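Each of the next two complexes has chain A plus one other chain: chain B in the first, chain C in the second.
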Partner chain A sequence: MMAYLKIKLNHFIYAIAFISLSAFSQSKYITKTGIVGFEASVPSFEEVKATNNSVTAIINTSNGEFAALVLVKGFRFKNALMEEHFNENYAESDQYPKAIFKGQIVDFSMEKLDATNKFKINGELTFHARKVPLEAIEVKITYAATANTIELNGSFTLLASDFDIIIPKIVRKKVSNEVDVSFNFKLDKK
Partner chain B sequence: MRHILAILFLLPILTFSQNDLLDEIDSKNESNERVTATFKGLKIVNLESTKLVAKKELTLVVAHRFGSLNNGIDTFFGLDEAVTRINFVYGLTDAINIGISRSSFLKTYQLSAKYRFVQQKENEFPFTIVGFNALLINTGLDKIALPLIEFKHRLGYTTQLLISRKINTNLSLELAPTFFHDNYVAFNDQSNTQVALGLGGRYKLSKRWSINADYGIHLNRADNSPFKNPLSIGFDLETGGHVFQMHFSNAQAMNTNRFLSETTGEWFKNIFFGFNLSRRF
Partner chain C sequence: MKKKIVFGVLILFVCLGVYNYIYQDHRNINTEKPKFTLTSQSITYQFSNNSTEAEQKFLNESIEILGKISEINLDNIVLDNSIFCQFQKSIANTYKANELITIKGRCIGYDNLLEEIKLDQCIIINNQK
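On to the complex of A and B.
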């Protein structure tokens, strides 16, 4: 009888172990095809604008943690020469291939998504070997129940100089130090 | 035993939850992006580089080679005897370029095509391989000096394979096996069909400056030929849409056939100063 109980108990522990494992993986949503764009254009000059369509991002819905990884060489410009200059002279993507955002969505829970889709993220962005804190980025989060996907949308502004990216005098009229960044992530259940 | 098993089962969860969320996406996946900026100019100095003009873009290259520096103040260090070449190159696609040029050296027109077979990719393919073909029309051959000359004698052909590798951020190297034919050669004993190997390189000094050099080894030069192998050394300065290349060379001509086969200068004795200025439209 005791032996039988013991076996039962063990099964029970395994069952809990598996449940917690699967429950844990359910709380994460991920994408490898997130979109991040930036624009540093100056009005009436050629647009300085690029998009990266292969950004990886992950959200942990149980605690609101969010992270995104951008391969800098994946930014595509309209103008090939501009892309080359961006990688070689500004982002120095051979040396610093990744841009990483790590943050926390304030007061996030899946339940709240029914009531509102306006949230704020605090975090820090590492790019060009500089880490810059970003506070209260407004983000729109929507949940599509049928597809079980979470979508994040938003934008914010950065200063190139904060990342030690120096725009030389001769192009300062054509390239803005103020950079508008936008993002769109459609995350699937991991 | 069973308890240990149970703990082992739970262990990955415990460690997992302690891990950074970032680690789950920051795989050590090696990138396989195309390697760019191997060379900044369409030419290293004289040798064609593996760089192409982008799709639907037009580049104008204005190049000068002054006369020999040796002539000193008499020709203002060669300024009076400058050779000029104007070259338009257009990108039909990112991988196919066509060009048309006129050089005052032997009043030569050149039609050219440059096309990329394969581009170097990180962790995937180690080289960029580009083909280059040109048709030269030498309109400078004089009917009075050469009374039997026909139109066909004015023609020359270039076939070149350009193989480059960006070794690291700063260093790029190129090999250029070249096969060319001139229907008229300046030196009688020289066979019309000629073979050469071009070598070139670029070393980046700073974000916008690099030092460049190229050398051409002629492989079937006639025995008593007065002509030399061309060696050129120079600097590239890049500013936005311009690339400014300035250099010293023992070759005064700028068309591939001409500088490979008919270079007259000699380093440390008789060299030419020159520059290539390119502007993208």
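On to the complex of A and C.
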């Protein structure tokens, strides 16, 4: 009887360990090809706009933690010279190759995704050696059950000056200090 | 009169030069000679040894890497679980996992969330079966 119980107990422990392990491994959704775009255009001047489609993003669905890493060199502009100036004079991407956002989705749970897709994220963005807090960014989160993917969509506005990026006087009419950032991440279960 | 024509032509050339400077072509990684040619093991080792130093060395350079496909998706290939290579067009169904392959692309940096080296504008140089 004792031996039988012991075996049962062992099974039980294995089962618990297995369940917690699989629950842990199932809680992360990842993309390596997320899209982040920004626009600092001024009406009636040439558009100042770039897209990066190799952004890494991770969401931990068990606690709502979210992180996104943008490699700044991956921003592509229509105009090659603009891309060069962005990298050399504004973002200084040789020196600061990364932009990292780390944050928390407020009151997130997988169950909630059935009822609503409107969430808010709080966090901070590190870029150009500056750390700027971002509060209550609205984000639309949708879950596709068949493909088992989570999609995050949203946009927010930044000030270039907050990141110590100074737009020279001569181009101030053509490049806005207010930068509209948009993002789209389609994350797969890992 | 002649002076005016010469002056006009000169202005035209200056305008053309300015236009070409402002609307210059994008760098073409495909036709560029690679600055570094190495194996996936070699570049992975350099990044795991000192990622900041390696990033400074390889950043924005065109690199040719020989490695084994560990993951293949619609527009990207992962070599030996450590080098993420993004293509500008779809490469689905052309290659399989575990094939040896040489890929040329531009290093855009080190992804320390997933511990992967990232390349964009990749092309496949050859496929050694």
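The definition used in the following text is that the second predicted complex is superposed on the first by the 173 of 190 C-alpha atoms of A that agree within 3 Å, B and C clash if a C-alpha of one lies under 4 Å from a C-alpha of the other, contacts with A are read in each partner's own complex, and residues count from 1 in each chain.
The criterion applied here is as follows: a contact is a pair of C-beta atoms (placed from the backbone, for glycine too) under 8 Å apart; a residue touches a chain by one contact, two chains touch by 3 or more.
Because the structure is a prediction, the values reported are computed rather than measured.
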{"item": "Superposed partners chain B and chain C on chain A - clash or fit", "value": "clash"}
{"item": "First (chain B), second (chain C), both or neither touched by A:K73", "value": "both"}
{"item": "Partner chain in contact with A:E65 - chain B first, chain C second, else both or neither", "value": "first"}
{"item": "Touch count on chain A, higher of chain B and chain C", "value": "B"}
{"item": "First, second, both or neither for A:T33, with chain B first and chain C second", "value": "second"}
{"item": "Partner chain(s) touched by A:T56 [first = chain B, second = chain C, both, neither]", "value": "both"}
{"item": "Partner chain(s) touched by A:N148 [first = chain B, second = chain C, both, neither]", "value": "neither"}
{"item": "Chain B versus chain C as contact partner of A:S161, first or second or both or neither", "value": "neither"}
{"item": "Contacts of A:N122 with chain B and chain C, given as first, second, both or neither", "value": "neither"}
{"item": "Chain B versus chain C as contact partner of A:S109, first or second or both or neither", "value": "neither"}
{"item": "Set intersection of chain A contacts, chain C complex versus chain B complex", "value": "30, 56, 58, 67, 69, 71, 73-74, 79-81, 83, 87, 94, 97-98"}
{"item": "Interfacial residue positions of chain C with respect to chain A in the complex", "value": "21-27, 55-56, 59-60, 73, 75-76, 84, 86, 106, 108-114, 116, 118, 120"}
{"item": "Chain B residues within the chain A interface of the complex", "value": "2, 6, 9-10, 12-13, 16-17, 20-22, 24-26, 31, 33, 36-37, 54-55, 57, 94, 168-169, 207-208, 239-241, 280"}
{"item": "Contacting residues of chain A [partner chain C, same complex]", "value": "30, 32-33, 53-54, 56, 58, 67, 69, 71-74, 79-81, 83, 87, 93-94, 97-98"}
{"item": "Chain A to chain B touching residues, read off their complex", "value": "6, 10, 13-14, 17-18, 20-21, 24, 28, 30, 56-58, 60, 65-69, 71, 73-74, 79-81, 83-85, 87-89, 94-95, 97-98, 100, 102, 170-171, 174"}
